[in-house]
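Just passing along the structure, written as structure tokens.
For clarity, chains are labelled A, B, C, D, E and F in written order, and residue numbers in each chain start from 1.
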Amino acid sequence: MRIKVIVPITSDLLNEEVRKEVAVYGGTGVEYDVENLDYGPASIECEYDEAMAVPDILYKTQKAAEDGFDGVVIDCFGDPGVKAARELVDIPVCGGFEPSVLLAAGLGQRLGIVTVLPDVVPMLEDLARKMGLHDRVVCIRYVNIPVLELGDKAKLEDALYRQSLEAIEKDGAHVIILGCTGMMGMAANLHNRLKENGYDVPVIDPAWAAIKMVECYVSMQLKHSRLTYRVPREKPHKWWG
Amino acid sequence: MRIKVIVPITSDLLNEEVRKEVAVYGGTGVEYDVENLDYGPASIECEYDEAMAVPDILYKTQKAAEDGFDGVVIDCFGDPGVKAARELVDIPVCGGFEPSVLLAAGLGQRLGIVTVLPDVVPMLEDLARKMGLHDRVVCIRYVNIPVLELGDKAKLEDALYRQSLEAIEKDGAHVIILGCTGMMGMAANLHNRLKENGYDVPVIDPAWAAIKMVECYVSMQLKHSRLTYRVPREKPHKWWG
Amino acid sequence: MRIKVIVPITSDLLNEEVRKEVAVYGGTGVEYDVENLDYGPASIECEYDEAMAVPDILYKTQKAAEDGFDGVVIDCFGDPGVKAARELVDIPVCGGFEPSVLLAAGLGQRLGIVTVLPDVVPMLEDLARKMGLHDRVVCIRYVNIPVLELGDKAKLEDALYRQSLEAIEKDGAHVIILGCTGMMGMAANLHNRLKENGYDVPVIDPAWAAIKMVECYVSMQLKHSRLTYRVPREKPHKWWG
Amino acid sequence: MRIKVIVPITSDLLNEEVRKEVAVYGGTGVEYDVENLDYGPASIECEYDEAMAVPDILYKTQKAAEDGFDGVVIDCFGDPGVKAARELVDIPVCGGFEPSVLLAAGLGQRLGIVTVLPDVVPMLEDLARKMGLHDRVVCIRYVNIPVLELGDKAKLEDALYRQSLEAIEKDGAHVIILGCTGMMGMAANLHNRLKENGYDVPVIDPAWAAIKMVECYVSMQLKHSRLTYRVPREKPHKWWG
Amino acid sequence: MRIKVIVPITSDLLNEEVRKEVAVYGGTGVEYDVENLDYGPASIECEYDEAMAVPDILYKTQKAAEDGFDGVVIDCFGDPGVKAARELVDIPVCGGFEPSVLLAAGLGQRLGIVTVLPDVVPMLEDLARKMGLHDRVVCIRYVNIPVLELGDKAKLEDALYRQSLEAIEKDGAHVIILGCTGMMGMAANLHNRLKENGYDVPVIDPAWAAIKMVECYVSMQLKHSRLTYRVPREKPHKWWG
Amino acid sequence: MRIKVIVPITSDLLNEEVRKEVAVYGGTGVEYDVENLDYGPASIECEYDEAMAVPDILYKTQKAAEDGFDGVVIDCFGDPGVKAARELVDIPVCGGFEPSVLLAAGLGQRLGIVTVLPDVVPMLEDLARKMGLHDRVVCIRYVNIPVLELGDKAKLEDALYRQSLEAIEKDGAHVIILGCTGMMGMAANLHNRLKENGYDVPVIDPAWAAIKMVECYVSMQLKHSRLTYRVPREKPHKWWG
């Protein structure tokens, strides 16, 4: 099984870390190829960023399918371009949000998300509404750290712990979902710290969730429904450049 | 008041008809400027088309704000790029879906949509879910005619009538929303034909709804909330071309 | 275009102020006629008040239609008699609630209402439920000032500001709706004060919203669905007096 | 226990039959007093009828409380004036809709209503929405017989059977609610006929449901919450006549 | 009318108190027979306890039907085995949850539950979801006292008051439901104490609610729908012991 | 990784086929142990059957945890005892329903279930409601074949195809979920047959979904939240036998 991981930012800043993570997460015998964008924004933190990242995500998804990959992970919690990408190809495509929420929904009743910035909260609420699951998402909190500053792991870890605690104690969350695929390597420690403080709750790493979900669909020989995601009709167009 | 109308397709095929329509619809003393895209697909009929149209929609929206327009209509029922566009500018921006559904919701209890193709039905269902109004939308039917073939007015009119009748009689719709901004000049006749057959129901023309909603917001000195639509953060990027 | 504004209280206390407001709000060339009730309570602050105001509202709505008005505004946030009035006439009829919530729903994701008294909160929650939009209304707060004491503008302004701030900071509201048509002349200042404090959120004046919505429907030649609002059947009756 | 039954129509046409029914339904030792309106329409079949019936319903409810009755039944499926009446008095007040739906909800999963006319269907849908139970009401069908023609029992019985069968077979209803308090004496036969045809489903008589619910609240020493239904504030008013 | 009350715990600890209570609650001429389990846990405080109590509850329900009882109360707020029991018999069967929530829903808009332990909160949320009424249940609070320690009435009364106050003031509850049938004899005092402090809200005793609902169904000659609760098919099985 | 598969029926009829299936489905290096019940009904087709199967399911789940298994599949679409089992152990436990619906929800918008008998439809609707996903489940159809007669593969295959076609064409389903874990070996053929007829929709085998979901959770070192599923408190009890 070969899976393409598209990191939808225009630098290769995160590629190495993503490669290391998927080497740990990935299933036996699964091969991962990690790639960033050529065109788009440096990070996705609002609807505008997302819109500008999507064309190249779609190009790279289609390329991955042509290159014989078995599945595609769009490595961003906002699921940018996921629905359009599914129209283009016949292999499973997942972003971070949908798999995280689905896996979390099987582990507990009330889901809490801790993301990066207030800017993305309405987008995530929209995603939850589209899934019909927004009434199980009891809060969408944020650490108030931009994506490209998540590298300060100590600061991030502390902020995640504080927000997760509030999610549990104030909002009644039973499961914590990390709301950015850039929050790599945080889930296990956060889980332990919460457990030591009396809250034995699952913590979902969205990149890991995305990878497992794609592996799962590939192994089950399943792909998205062609009644929800129909093949785009051929038509004239004018692309850039 | 000056309003920019962006027809999000790459030909000027519809511009003249749109100009004529807005001349009829538009408020007294409102000036409309109609423009199509330079980059994107020839029509929007799926998530992929929409994704590829959005970057130029956003560019033209931002340009309109800089050029001093008071509001922007993105003249497509799928509301392509509307949310991202609102992040970019401080003037009202509307597509066709949201205004149509909101105006319809004030006229009757059960809303029926008649759109072009099955391909867009899931997108429209998502839009209704995001608004939290999907349980008032009792059906999303389609005439099975692609956008660029809507020019055959007689065929369109007939198909719209048949589907509207089914929406009313089978699905219990009380209001009909035309589900494509390309269905210009159809609403009045369709309303009359339905009324003659015993169903005095409003028929919403989505382009007209979009224009009126933008006029309404401008005249009330209202624009979108900056808590839902925050200003995009400055960051490096690589655009095409 | 001629629009009748029914102020559903038995004194002419507010007529002059309403006349001044609609002179500012109203569209070019639209003529407004403002009238209060002959029978009913001095103000509407509960289900009982509303019930007792409705018969004369209906009488005056029917009269307005016979007198050739093009639309009717029932100038109260509780939408008293709106549904019954629509059954009686073939011109658009709006109260304050529905237009405010619909216009607000096009401007931001999470709506907060600030009304007069706790007494009306359950009625407003019912109205939101009937529209199917109650899960977008994140709070219904109140300034705890009766309708007939809203004349103390300084007190009102301050109370509105405090409650709007709580709506934003505690309940996560993104749009503020003033929950009484008697809160005239407050929206612009409140918007500015919130914006100066970091919250650039729209503030909806419900009387203005009602007027614009009726103008909008009239200009679009739309009226309510006769499948939702059927013509009352002729039958014997015994009226008062 | 003494319970006032208000038949909200201006003739005494139904009083005798109602008296006979409650003599059968009523609890041991409960005394029922049946009364019709002095002012209002001859029957309630739309929002307008309801609005015009409510003032006298409220007057008679208040009078009943003053006369020492322990509870009030407003004998109409549309629950006219029920919420306003609860504000006025400190004894339980029920119409037909709410008790029927609540009792039905404890008997099966999917509720079907069979009412008189299409005119009232939107009102009933609103009532179900206000209760938050509209997604358990799978259909609201009608026999297309006006209230004042329900006296043709054979015709009614047949129409009820046909619509109930459709509710079960087409809409998947598991419980049938008779949607008019004028459908007296129908429930048992309808239940038997459906059972003989393979559908052992409960059939709820709304007048009976109303009476039992009021008896139940009185016997439990419960009345409505004064946080939902606050006492109307004293204020000037001008009544008719 | 003869009603069987099954106290689903393996001691007779509560039988006498239940007998006394139903003697007070019960309708005129209704005979109650109180019985505890032979097999199961000492109390029901989680899904596991419930699962282990259900087989004997079902056995005793079936026995009650064979013995000619007219209805069965399963005297536990978690409604253990209620749905399975309804499949087995043709007489009304109620637990504590469903009747309490239905009766409460007729008394006010926003329902607050105060139960025993955090362990049961997710079960109660599930029950509310199954009824489709979870959006009217605004909070599920707990006194943090295990079922078998509810005998300390002074402690219980105080904890119930504190939690009810929070339910009203923090969560906006308008009706209080006691969330354990072991909280006998508390409702009236709690109601009075809340009323003295300005909150005239109904307090529902779930055992009383269960008894009244069964009485009500029996007196109306109603039982559950056989389309929701079909008769179990005959099949081989291996029981314990 | 070692996973226990509990087939919750009292015969070993299906064990061999289940073993063969999991040998095909199971992940590389995962070991499956298949076991049936000692006590319970011959098949689970209603609430009563389920209730009587659960005690031994719980016993065997606890035993599996003590024996060092890494996860448990309760091999039934009704998720019998899943919630109680999670309280008992600290390893992932899945039935068929929840994993199927979650995986399906990631593949298309509108989910259709085809199960065995009308008897289980209300139970499945309850499960969907508990997950908060019932408005994405557009139909629950049945082949009208009891579990123990599913061995007639030709008959089953044909009935599944017919019902799936109706689910797609009449109810608008985009994904098909097989609603019984006894429908082994059907998914691939059914998918192909639907695809050949123009409907390229995923078909979910619930046993396969359960196995993959447990593997997924184990590999991600995740288990259920201890805030949703708390450890049962120690207490006296009397078990059977």
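As a working rule, a residue touches a chain if its C-beta (ideal position, glycine included) is under 8 Å from a C-beta of that chain, and two chains touch if they have at least 3 such contacts.
Only a predicted model underlies this, so the values are computations on that prediction, with no experimental measurement involved.
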Chain located farthest away, centre of chain C as origin (C-alpha): F
Reference chain E; chain at largest CA-centroid distance: B
Homomeric contact chain A-chain F: same or different residue positions, threshold half: same
Identified repeat of the A-B interface (over half of residue pairs identical), from D-E, C-D or A-F: C-D
Distance from the mean Cα position of chain C to that of chain B, given in whole angstrom: 27
Chain centre separation (chain D, chain F; CA means) in Å: 43
Chain centre separation in whole Å, for chain F relative to chain C (CA means): 52
Whole-Å separation of chain centres (CA-atom averages), chain E against chain F: 30
Multi-chain contact residues (two or more partners), chain A: 109, 122, 126, 132, 135, 174, 227-229
Chain F residues touching chain A - in the complex, by the definition given at the top: 25, 27-29, 94, 98-99, 102-103, 105-110, 131-133, 135-136, 168, 174-175, 188, 199-202, 204-205, 208-209, 212-213, 216-217, 219-229
Touch list for chain E against partner chain F, complex: 10-11, 37-43, 45-52, 54-55, 58, 81, 83-84, 86-88, 118-119, 122-123, 126, 129-130, 132, 146, 148, 227-230, 232-233, 235-241
